[in-house]
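Before anything else, here's the structure in question.
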Amino acid sequence: MILVLLIVILMAGGILALIGGKWSHSFPRGVALASCTVAFLMMLSLWLGRYKGFNIDADSNWLIEYHKEWIPSFGISFHLAVDGLSLLLLVLTCFIGILAVLCSWEEIRERTGFYYFNLLWILAGVAGVFMAMDLFLFYFFWEVMLIPMYFLIGIWGSENRVYASYKFFIFTQASGLLMFLAILGLYFVHGNNTGFYTFNYFELINTEMPPQTAIWLMMGFMIAFAVKLPVIPFHTWLPDAHGEAPTAGSLILAGLLLKTGAYGMLRFVIPIFPGAAAEIALPAMALGVAGILYGAVMAYSQTDLKRLVAFTSVSHMGFVIVGIFAFNELALQGVVMQLVTHAISTGALFIMAGMIKERLHTRDLGQMGGLWTQMPRMGALGIVFAMASLGLPGLGSFIAEFLILLGTFNAQVWITVIAASGLVLSAVYSLRIVQKIFLGPPRGQLAADLSGREMMIMAALTISIVWLGLFPQPIINTARPAIVQLVQMLEPGNSLQSHQSYVK
Amino acid sequence: MDIAFYVTAAVTILATLLVITRHNPVHALLYLNVSLLSHAMLFYLLGASFAALLEIIIYAGAIMVLFIFVIMLLNLGKETAEQERKWLKWQVWAGPSLLAAVLFVELVILVSSSDGTAYEPAEVTPREVALSLFQVYLIGVELAAMLLMAAVVGAAHIGRHKRLVLHRFLKEEPEENVHEEEPVL
Amino acid sequence: MENLLWLIPALPLAGFLILATLAVVGAGKKITALVGAGSICLSALVTLVVGADFLGAAHESGTYSQTLWTWLEVAGLSIKMTLTLDALSLVFIFVITFIGALIHIYSAGFMEEDRDYTRFFASMNLFVFSMLILVLADNLLLMYLGWEGVGLCSYLLIGFWYEKPENGYAARKAFTMTRVGDTAMAIALFMLFYQSGTLVIGEISTAAPGIWTPNSTTVTCIALLLLAGGLGKSAQLPLQTWLPDAMAGPSPVSALIHAATMVTAGVYLIARMHVVFGLSEVAQTVVAVIGAVTLLLAGLTALTQHDIKRVLAYSTISQIGYMFLALGVGAWTAAVFHFMVHAFFKALLFLAAGAIIEALHHEHSMFKMGGLKDKMPVIFWTFMAGAISLAALPLISSGFYSKDQILWYAWGAEGGSPLLWAVALLGAFITAIYTARMVILTFWGEAKTEISHYPGKRMTIPLVVLAFFSVFAGFIELPHNFGHFTLFSDLLHGVMPETALRVDVSSEWIFQLLAAAATLGGIGLAYFYYYKQPQRLENLRQDMVLSALHEFWFSGWGFDKLYNVVFVRPFLAIAKLNKADVIDQLYTGIVAGTDGLYRLVARTQSGSLRWYIMGMVIGAILILGIQMML
Amino acid sequence: MSNSDLHAFTPLLLLAGASVLVMLLIVARLSHRVIQSVSLVLFLVSFASLAYIRNVLPYHIDPLFVIDSFGVFMMGLIIFSGLVVNVLSYIYFEEKEEGPREYYVLLFLCTLGACVLAVSEHFISLFLGLEILTVGLYALIAYLRKRNHSIEAGIKYLILAAFSSAFLLFGMALIYLQTGTMAFADMAKAITSGNVPPLFLTGLGMMLVGVGFKLAVVPFHMWTADVYQGAPVPVTAFIATASKGGVVAVLLRFFIMIDGFRMEGLELMLICIAIASMVTGNLLALRQNNIKRLLAYSSIAHLGYLLVAFIAGSAMVPHAVSFYLMAYFITTLAAFGVIVVLSHREADAEDLSVYKALFWKHPVLACILSAALLSLAGIPLTAGFTGKFYILATGIQGGFWLLAFVLVGSSVVGLYYYLRVITMMFSGAHDHLPEPKEKHPVFLAISMVVLSMLTLMVIWLGVYPEGMLSIVNQFHLK
Amino acid sequence: MKSSISIDMVILLAGLLFALGIAGVIIRKNIIFMLLSVEIMLNAAGLAFIAAGSRWGQPDGQVMFIFILAMAAAEVSIGLALILQIYHQHKSLDIDKLKEMNG
């Protein structure tokens, strides 16, 4: 029930904000903050409640489940369930949600009601994606998060927002529809095999199909997730969307929406199509590596701060796909870490870009420089997150990238070596950010240093990233059962009867 | 009786051809009348005498008269014929005719690919038709009435012609010029 | 007492955290200096205590470990936050905390005028912390944390005066180039993990002989990759070009980071992993050759520099070259010994140079100095102490003892060869020349720049202390024919093997003599050209070949240019070329195509009824056509 | 006709009677307000009568009609559309220069025609229903006869409709010639044995031209935009919904009864038509700045989507088609409703610029229109999504992957223009206050209530379609 | 009345007339002529129905014909009313002038 409650709180908060926005300018943000906080606390209590000592209390992977018929005519049910992986991402979702509300606090002055409505509904959609255990429901949530995001970019974005919002929407929608086709295909393959038509994940996971079919169906899923992640060559929506979105929008995009792609691969592509996934592992990893390098080079060449950060996302997500297709526990744990830490580090960079834009009214790196003099606090934090972005040990990203590379090394030596060269390039672009914004002669802009609210946001992020860097074990332990199971699935002749293992 | 059929058919085709090629509307209309009359003849030959009568009375009579009315009302005469002559260049009609011809050829091929047994046209008497109309297809007839009602109401509304009102005190109700009467059934 | 081990890195870390908080809150300079320097001094104190305890207790295993918490535990990979103290790390932490403390005290005076006083000390403290982690780490991943951490601090401190863009670029260059090495090292870590199943250094060292057959490709690969990491940090060929530019940072930074400690991290790494290196002859040879080539190249470059700090920078590269050479030939202890001695005298030289530069309105060029001998006596004498050690003046300088040992092993150790020795000897000659040149240009002759102010006590006292050590630190390790006093190597032999010799030890005196001759010859040559007859030098400059050579050396053998052409420019060109993202053009193309299709079909909606009917007829034709076909 | 015949026939009789009654009211020179209200009541009564005949289903009135649950459902949809159009008509026509009274007569007749189509199982009733609908529409389209666009649209529609009717008739004649019957069921018997005779297929092909015109599928689509644009907005809404619904219903019934799916040639034709419609429709709408035309083009695409389900030929077809039609009807009515509310005396709210900043001026209207457009685009939470899901499921079940891909691909293109409208609605500043509308607060309020209800239905069908699905899934046409 | 007319011949005749009607509709620009041509097509269809009815000896063909007649009348009436309006507004019956809506 807590799972349903999570979605309900977010959605209801959104509606309340929408209605309240008619009368009061500041009411909606209060509501939004309250509902995000409540959601966060709920998830946190769930996590801590299940997390005993060093291991998640796991007599089963599935910690909690909610199941109710929805459209029985098609075998569709409202089926939510959470394992360690989902739980982590849910906590992350709520955390990023709070930050998103906080960093919109002053930035958004118009139509606040509608704004926070959209914000909360995106969160609800993302949360739904992380919980849905019915493929139809999954697709449903997958799309639910799009429209509010589209509004968020399209209404509150900067100059080129309309183009960006179209691009974002059409890319994700197009790929989403392909996934939908694949879901339907899977539905019928399973139905024809067993005579039992259902969208239930735990049933479909055991679908047997000829390899050729599996490849095609998997491609449908893969493309959708690859666009979200994004894997080159499907990344081009990202810089535009990130660049034009309001700060909270970029934060959520980078922090959460991209994660849904990786989550989808972990949750659906590998378990449902282990054979096919193994078959495309090498090309997928090659694309991942290409993404790492390409994203890094592109990031370096950008003059727009937010676009730059967006391309770093492309680069970082390249690690994710490399790690996923390395198919071993080390790499997969690295992927989970990368999902969490990237949300924090890149999110922080976007928040910072937003703060700078609020002060200087530009995202052009050419017009920045020497900001350290006026904003030493931001300068220091900027360096922290630039370092996080380049994977400095001691910060969370390092753990992620190290584990991914370490895991991948076992699978593909040369892929790893090339991917590792991304570490050098990431230093190149990350330091360029620092150089262009904070270093150099001051240009005489008037920019106040961080306010108390902003310090609070950044402090939360800094503490998180350091915590993740020095003591990542809670994350790893929480994700472990899910990851272990995933790895077992990939071993041939070891198809797990997973539906028997969740809590009844 | 084959001869009669072929002659009538020839007349029909010729008349129809002339309808679509004449410049003067009235001429065309008259040719169409000829075509309709020969249609009636064909119907008769096919044993549908009732239909033949209706063709003459309603089609050639009533409907064509409507056309005549309109042509008169709009005073379409020589000028229209001139205009038509200008319009009907071969560049204009060659392509469309070709399309029609292609369609016809296709039809011919498709139709002639059927079994093609000759048959005896059976005569269907007016009585049978009437019985069928008022027993089996009674609802159809009623629906036809609704159809005509729609036509009347529609035509009445569209055909209505507003006069220019010169003085606001003399503003009259728009006069209804019904150019249409309900065709007899 | 050994339980205090964690305090050694924790104190600088606490200092950093306090200073970071102070930076936000805003604090006076006094308290900043107190916290900044105090934390390191305390750390040094703890080091002394712990060190004494360690030496006294003499653990049976020769090491002492302290586990703080588990860092990472995934699928067979278990990394603990464990600090390990053994003789090698003891030497290093001693140097780090002790010299670090002195430099912090010096900095308290040196940086007095600076606006970002707090930031400076915060970064310095963080650096000391990272460096301590690097040397105390019990596993390679933790070491990597320190390894990259010092890189970060180096970056922060090179770019400390960020308002000058060049400084920022220099910092970036340093970070990026070392990152190249670090990445290679990361790959080495992967290989090590999969080969040995652990990243704990001790376990690897123990297990190594059982895992790899000597000279196997794998072990060579691992060693070379580790070496690449070391090359980056230690500014050895071919990753050396960042170090001279790193002189953009404040002089205490150069002293601490770019002379005494961080740049020797490569030496530490190789010494630490000596078991792995010992298994691969190829790797050993490569280390030696790189060391030799680097020391020569850097020495020749130092010969031509104008900027006093750049001379010192190249000399640092050169001296580290010696250490690598020593490592390469298997003279492990000699390398570490030279490291220690070098740390003292090079830190001293940098600090003294910093004091000079500050006194002369931030004038870096030696040719605009001169005549300081009498005006700044303290500086002069301390600088001289450092300089004789650098030049390895026989008998009275500690540099002589450490360098002499290396020269001897370059010949005599099992990995040594006459060629290596010859190069090293030539290097010693060159070292003497540029050292003398530097001293002469700076302190003799006429004064060319006014002195604005004199260094205070906080700056001079550390100089004096360092000068003492530069001169006398060498006496803890004396050659066999000089009393055979081997306190230092004895200490280390618990950790590292003794150097095996291929020739008899009795011939060592010849090489000592030759080394002394080289040094004295070099000094004499410099004295002749730079003091006695400078016009001769002018004549030499007229020579086309020599001046071209001078240019070439001056530019650091053209490495910067080469890298510019081979790496930087192509990268920039690609980045610039593809700024608009070529893949995006694909989608733009699709959009344009769709738009074109739209225009095409939109034209069918002409509004002409006849056209519409024709469309229908065509449709009918097509439908019937399909029927005909089937 | 027996009493039970009459019983089963009540809705149609009511509609026919309503048209006569309204005519009498016109003669009595009652005001627009009264006539509109009376028609509203009459529509409601007809709609309610559908429930009344529920227990006699399925009922055959030989040979012309079969009144079964599918037919009643379709009639329900059609009458419902008529009802909504009727509600919307008041505020639209009251300000117009034309006397709006005859309009209601024609509206009833058209609804009647469409309903006849929905329950006919004979060529004669098919033809008559179609013609009642079409002839009524001639007049309705050109209703604002003083406007050039209206009259242009009228004549275009008239000539094309007659033209296509001729094709339809000729095709029917060929089929009749081949089979000797005009009842669908008998026809099926006549062709069960062996191969389908070519004459029959030719007839089907020619009928397809006629039906294709009514459905506005490519290549018989070109009239759509002009007619949508020229006709009064409520009429456009009617064309988009009821008129198409009736034709789809009869076509489906015809196809299923004669088992048209086994004819490969026909299937191929339909596939071509479906693909062409999806692609062309969406392409045409791409940069359209007139929202009526835009919706016209989108309707072309949507009929293409519908054909995807149609072609699949499985038992799911009637279910998918009925559900999709319902979703489409509700959505389209909502969209046109917004246009009606925003239209002025002088001009319809057809230019996209009218919709600028609508979100801030009329948030409710904007939300309704957005919901409608998103539903048309097939985004979850809306009826359109469920409908599209059903269609895709049907198509994929039949193994028509190509069609499914084209559907997906073209609807991505389609997204663009729906988004354009939505973007238009939230772009622009909140510069001026809502214009003080309207003179007819009561009817405006009623319209708004209806539109809001439609929107709620759109969302309801998107979120919890199970109730409706379980109704739809009972249909059997064989 | 006996005849041995081939069914194909009648259908072909109807088809030809139908095609002529189509040609007329496309060729002519004058709306009246277009309407006339449509009448030709409808007539052709009627002929086909009569022929079919006659082949099967059923009245249905004629019944259908009658309905076609009704439909033709209905259509012509509205069509002509529209023509009047067009003429009043455009002073021309040129269909190509009615192209205001396009795109």
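So that you can tell them apart, the chains are marked A, B, C, D and E in the order they are listed, and the count of residues begins at 1 in each.
Simple rule for what comes next: a residue touches a chain if its C-beta (ideal position, glycine included) is under 8 Å from a C-beta of that chain, and two chains touch if they have at least 3 such contacts.
On a predicted model such as this, the values are computed, not experimentally measured, just so you know.
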For chain A and chain E, the contact-path distance works out to 2
Neighbour overlap between chain A and chain C returns D
Contacts common to chain A and chain D (chain labels) | C
Look at all chain centres (mean of CA atoms) and spot the one farthest from the centre of chain C.
-> B
Of all chain pairs, the one with the highest number of C-beta contacts is B-E
Chain with Cα centroid nearest the overall Cα mean is chain A
Distance between the centres, which are taken as Cα means, of chain E and chain C, whole angstrom | 96
For chain A paired with chain B, centre-to-centre distance based on mean C-alpha positions, whole Å | 69
Would you kindly tell me how far, in whole Å, the mean C-alpha position of chain E lies from that of chain D?
-> 26
Among all residues of chain A, those touching at least two other chains are none
Two or more other chains are touched by the chain E residues 7, 11, 15, 18, 21-22, 25-26, 29, 35, 46, 51, 53, 55-56, 58, 60-61, 63, 67, 71, 74-75, 78, 82-83, 85, 95, 98, 100-103
Chain C: which residues touch two or more other chains?
-> 602, 605, 607, 609-610, 613-614, 617-618, 620, 624, 627
Which of the chains are touching one another, listed as pairs?
-> A-C, A-D, B-C, B-D, B-E, C-D, C-E, D-E
Touching residues on chain C, where the partner in the complex is chain E | 602, 605-610, 613-614, 617
Okay, in this complex, where on chain C does chain B touch?
-> 610, 614, 617-618, 620-621, 624-625, 627-628
Where on chain D does chain B make contact in their complex?
-> 1, 9, 16, 19, 23, 61-65, 98-99, 102, 105-106, 109-110, 112-113, 116, 124-125, 128-129, 131-132, 135-136, 138-140, 142-143, 145-146, 154, 174, 178, 197-199, 201-202
Which bits of chain C are touching chain A when the two form their complex?
-> 20, 23-24, 69-77, 81, 116, 119, 141, 144-145, 147-149, 152, 155-156, 159, 162-165, 167-169, 171-172, 175-176, 179-180, 182-183, 186-187, 189-191, 193-194, 571, 574-576, 578-579, 581, 583-584, 586-587
Chain B contacts chain E in the complex at 1-2, 4-5, 9, 12-13, 16-17, 19-20, 25, 28-29, 32, 35-36, 39, 42-43, 45-48, 50-51, 54-55, 58-59, 62-63, 66-67, 69-71, 73-74, 76, 80, 83-84, 87-88, 92-93, 96-97, 99-101, 103-104, 107-108, 111-112, 114, 116-124, 128-129, 131-133, 137, 140, 144, 147-148, 150-152, 154-156, 158-159, 161, 179-180, 183, 185
